[in-house]
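Naming follows writing order (A, B, C, D, E and F), and every chain is counted from residue 1.
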Amino acid sequence: MQQKWIEKEFEYDGTQLASLHNYLQYGLAGDSIVSWIGPCDIAFDKMADGEDVLSQSAIRGGKMLHFILEKFDVRLYAAVALQRLIASLAFEILLKKSPQGLRRDGDDIFVGEKKLSISVAVPSYRSCLVHFAVNINNENTPVPTVSLEDLGVEPIQFAKDLMERVVSEDRSIVFATHKVHGVGDF
Amino acid sequence: MQQKWIEKEFEYDGTQLASLHNYLQYGLAGDSIVSWIGPCDIAFDKMADGEDVLSQSAIRGGKMLHFILEKFDVRLYAAVALQRLIASLAFEILLKKSPQGLRRDGDDIFVGEKKLSISVAVPSYRSCLVHFAVNINNENTPVPTVSLEDLGVEPIQFAKDLMERVVSEDRSIVFATHKVHGVGDF
Amino acid sequence: MQQKWIEKEFEYDGTQLASLHNYLQYGLAGDSIVSWIGPCDIAFDKMADGEDVLSQSAIRGGKMLHFILEKFDVRLYAAVALQRLIASLAFEILLKKSPQGLRRDGDDIFVGEKKLSISVAVPSYRSCLVHFAVNINNENTPVPTVSLEDLGVEPIQFAKDLMERVVSEDRSIVFATHKVHGVGDF
Amino acid sequence: MQQKWIEKEFEYDGTQLASLHNYLQYGLAGDSIVSWIGPCDIAFDKMADGEDVLSQSAIRGGKMLHFILEKFDVRLYAAVALQRLIASLAFEILLKKSPQGLRRDGDDIFVGEKKLSISVAVPSYRSCLVHFAVNINNENTPVPTVSLEDLGVEPIQFAKDLMERVVSEDRSIVFATHKVHGVGDF
Amino acid sequence: MQQKWIEKEFEYDGTQLASLHNYLQYGLAGDSIVSWIGPCDIAFDKMADGEDVLSQSAIRGGKMLHFILEKFDVRLYAAVALQRLIASLAFEILLKKSPQGLRRDGDDIFVGEKKLSISVAVPSYRSCLVHFAVNINNENTPVPTVSLEDLGVEPIQFAKDLMERVVSEDRSIVFATHKVHGVGDF
Amino acid sequence: MQQKWIEKEFEYDGTQLASLHNYLQYGLAGDSIVSWIGPCDIAFDKMADGEDVLSQSAIRGGKMLHFILEKFDVRLYAAVALQRLIASLAFEILLKKSPQGLRRDGDDIFVGEKKLSISVAVPSYRSCLVHFAVNINNENTPVPTVSLEDLGVEPIQFAKDLMERVVSEDRSIVFATHKVHGVGDF
């Protein structure tokens, strides 16, 4: 899995959640993760998560740290499990900084009842895509939120640390699939 | 995913890592997780992990808390990702008790450099199997270890808490695969 | 597999044959079957079956009993086999009422040469969808048809019986996949 | 799917439920179904169905009509659905002869409470295998049974009719997977 | 795999690279390959290969021999491997005519540095599609090319020979998947 | 895909055709190809190809150049297509040396009617395995053969060239699967 930090800031509007995005925009062919800073505002007709559509939840934030991951040749169950590992890894990094009240619940990270992150995992023809984003500040968020600023965490270093750990976790999962015997039935 | 705490103590010798084990022994058909207490001693010819075979590592412990999970219709990448979520969930539970020096690394939990757990995920025809176990004490372990006793954690309650959270995480992953749109190419 | 009888009558126009339809309209996440009464009229550009497009067959009926089933994580061969089991189950229910001349042929039920039902099974990203519908009366049908009214069958009870049997058949198929050993090569 | 009637009588003992059986014994490469007459006696350690092992059910019959089907590149859900279609097709053929009390329940056919058939579907590496068998007489059966002799049905013609219909159903399912559009999300 | 030579000449503009094309246009259900003569001109928004989009490469030719192959139930790795076998087979046929400087490189055939062919393999819901085309002359090609006219090869006979060999190779690959045992782990 | 030339000579007896062989013997985890020189003698009960079993063909050679390739997460159709590309690549390398009468037919290379190579591709739980071997001399071969010695080809350089091209072809196939859009239905 390749990784890339993108210097340029731009809004996440849901169109980045597309197969080949990381290849066509940044030349990363195959499994990859990219990260950048920008606002978030997703129109209802671009929402991939039917639960958000049903609940009519706005998804936005004034300044967020975004990640788009593409993983080829996995089905959605695996991609959602990977998405939760990303949340776990983010949680583990943040624990060292600011453990008070921090918790992971599914694909989300909270401090107490305040939400730090948003995420979705979706299938495409050949791959699954994950969007994971954490608030850098709390501007314009539609629900009670907490931000990296609140936690005293510098976003760019956090982004690079998280990408590094995601890439490493993926490499180690792949290795784990290449070294075990199959087992028979009882 | 069904769960079951098994009262009877018995040794884990590697033969429990088999498809249909939880069905044929405990009547749990389909995805399931069971847990019990017992020693651990795996003969070299029962080791599923080639890395252990190559490194000639003994795998044993005098008293461990064992989990066998069977998940149908996933490929090994997903099962390994799930295995690591199990380690994350165990880590999150133990954090509340005894955070000092606790860390997850892949499918293992450590306190400092001492190993708390062992784990392997393997494929069968129709399913993948995960064995996850944590030391209850440090008797007869072949490497420097730490145990639930060291951490002051009662094993049966821990087993039930972990199974509860694994079942809940799996349910929520499955739900996440049933509520999202697919996305097109860019 | 969840089931739901929908009281409201509305036309089936082909747009209901879509992934997540049963979730977004009726809150049923995962495998599900719903049924309702309404006319049927499918525009050519909404026809999913290329054979109908090639033969320029109109697909319509004045009053039909509709079923939309979504089954996740199966490929189309399995979904078509399931579609035919639905036809078989409908056939078995109707046999008790009105056996004379009743027969199943693939995904269709006939009485003599008159067609009682229409059906199609299609793939989406994550699931397959089945539309199955039987004539409640013979109004506006483009070919010689027979209807539940002709057979003296009350549609709502029939819908509920059929959904019950489909759900039960699916549950029993799933169980059958969770209790058998794999076999070796000869 | 190729079909073959085997003149020679021999016992079904469970070893025939193996990938490539029809190829290595009868030269039928790929999807195939064969049928023959013989007794049935399956040792416990050859039973593929864990439910039989758990219930300690004997599986035997003095004279049965056997079918072994191999279908490549399908998963077990599809194979079990196909197995039930075989039971449906057998049921439909027998209806014309002897409708009184005849019913299909899952993969079994009954007349009243007497069992006419046995069946199992199992996975191998590359294919799934189905064994389906109907009693020709009631000798040596461990449960209350009914037989083709009781129904006045000649076994060889029945075997050929059923194989013909199974091959035709499979062909028509495959065609149904080659002529439909995929559908989008709602 | 069915094959068909199409007498009518028409332009390849990228819209032919679609699932069910060979069925809806020529009645070939299932795996198939068709071939025809026509110009080639693909608008940028119809280009399936992101590499062409990134490099802003024009894809066109005044007179080319086109092939569209659809293979169901394979994933893209297999379809690309098959695409390269098509290039190999074309190479092997042309070797007999005009061996000087001929070489295959991935999915392309060259004579020296001049390109004879273009190709792409893409996934759809249920199948993969391959477009393979060779220049009949060098009119309007955007890069240095060589053509069947240069090699003294008659296109219609070449098309029929190549389709024959592709169909035969596919049949033999399928047979090879139906006659081998699976192997265990070491 | 990793590659390794093995200096030590040893017999190929069929047991090397096993998942994880290249990992457990040479430390190559994941997709890999290894090559070595040795005799070949496969006992009937180790033959993976049912066709050889049916025809009672001996498979042996006094001195052969062996290749074992393991490719994870592909189905057998893809592995057989890859096997034929290996034969194509070997053919293309040999063409430069000794074009007279050389031809590829499926997974075999011939000079006239004399066989240069043997090959089989088989599935395991998680991967497919390919054995490909060419005669270094014609000692002890059970059919009319030709050898690298006859063609004046030095085996070690040929082995390294072929592994290099196989690795390169695989890399380029994988890249081709990471850069294309999926296509819709017509």
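In the analysis below, contacts are C-beta pairs under 8 Å (C-beta built on N, C-alpha and C of every residue); 3 or more make two chains touch, one makes a residue touch a chain.
Worth saying up front: this structure is predicted, and the values here are computed from it rather than measured.
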Completion exercise
Under the touch definition above, the chains in contact with both subunit B and subunit E are A, C, D, F
Practice task
Name the chain whose C-alpha centroid is most distant from the C-alpha centroid of subunit A.
Solution key: D
Exercise for the section: If you line up contacts by residue number, which pair in A-F, B-F or B-C shares over half of them with B-D? Let me know. Expected result: B-F
Exercise for the section: State the pair with the higher C-beta contact count; candidates are D-F and A-F. Expected result: A-F
Exercise for the section: Could you label the subunit A-subunit C interface same or different, taking same to mean over half of its residue numbers are used by both chains? Expected result: different
Handout entry: subunit C and subunit D: spacing of chain centres that average the CA atoms, whole Å
Key = 25
Exercise for the section: Can you check how far apart subunit D and subunit E are, centre to centre, with Cα atoms defining each centre and the answer in Å? Expected result: 42
Problem - Sites on subunit B at which at least two other chains make contact - result: 19-20, 23-24, 50, 73, 75-76, 123-126, 174, 177, 179, 181-182, 184-186
Handout entry: subunit E residues within the subunit C interface of the complex
Key = 20, 23-24, 27, 73, 125-126, 181-182
Fill in the blank from the handout: As the complex stands, subunit F meets subunit D at residues 50, 53-54, 75-76, 123-125, 184-186
Completion exercise
Within their complex, subunit F touches subunit A through residues 19-20, 23, 29-30, 72-73, 124-126, 174-175, 177-179, 181-182
Handout entry: Residue ranges of subunit E in contact with subunit F within the complex
Key = 17-21, 24-25, 48-51, 74-78, 80-85, 88, 92, 95, 99, 103-104, 106-107, 120-125, 129, 169, 172-174, 176-177, 179-186
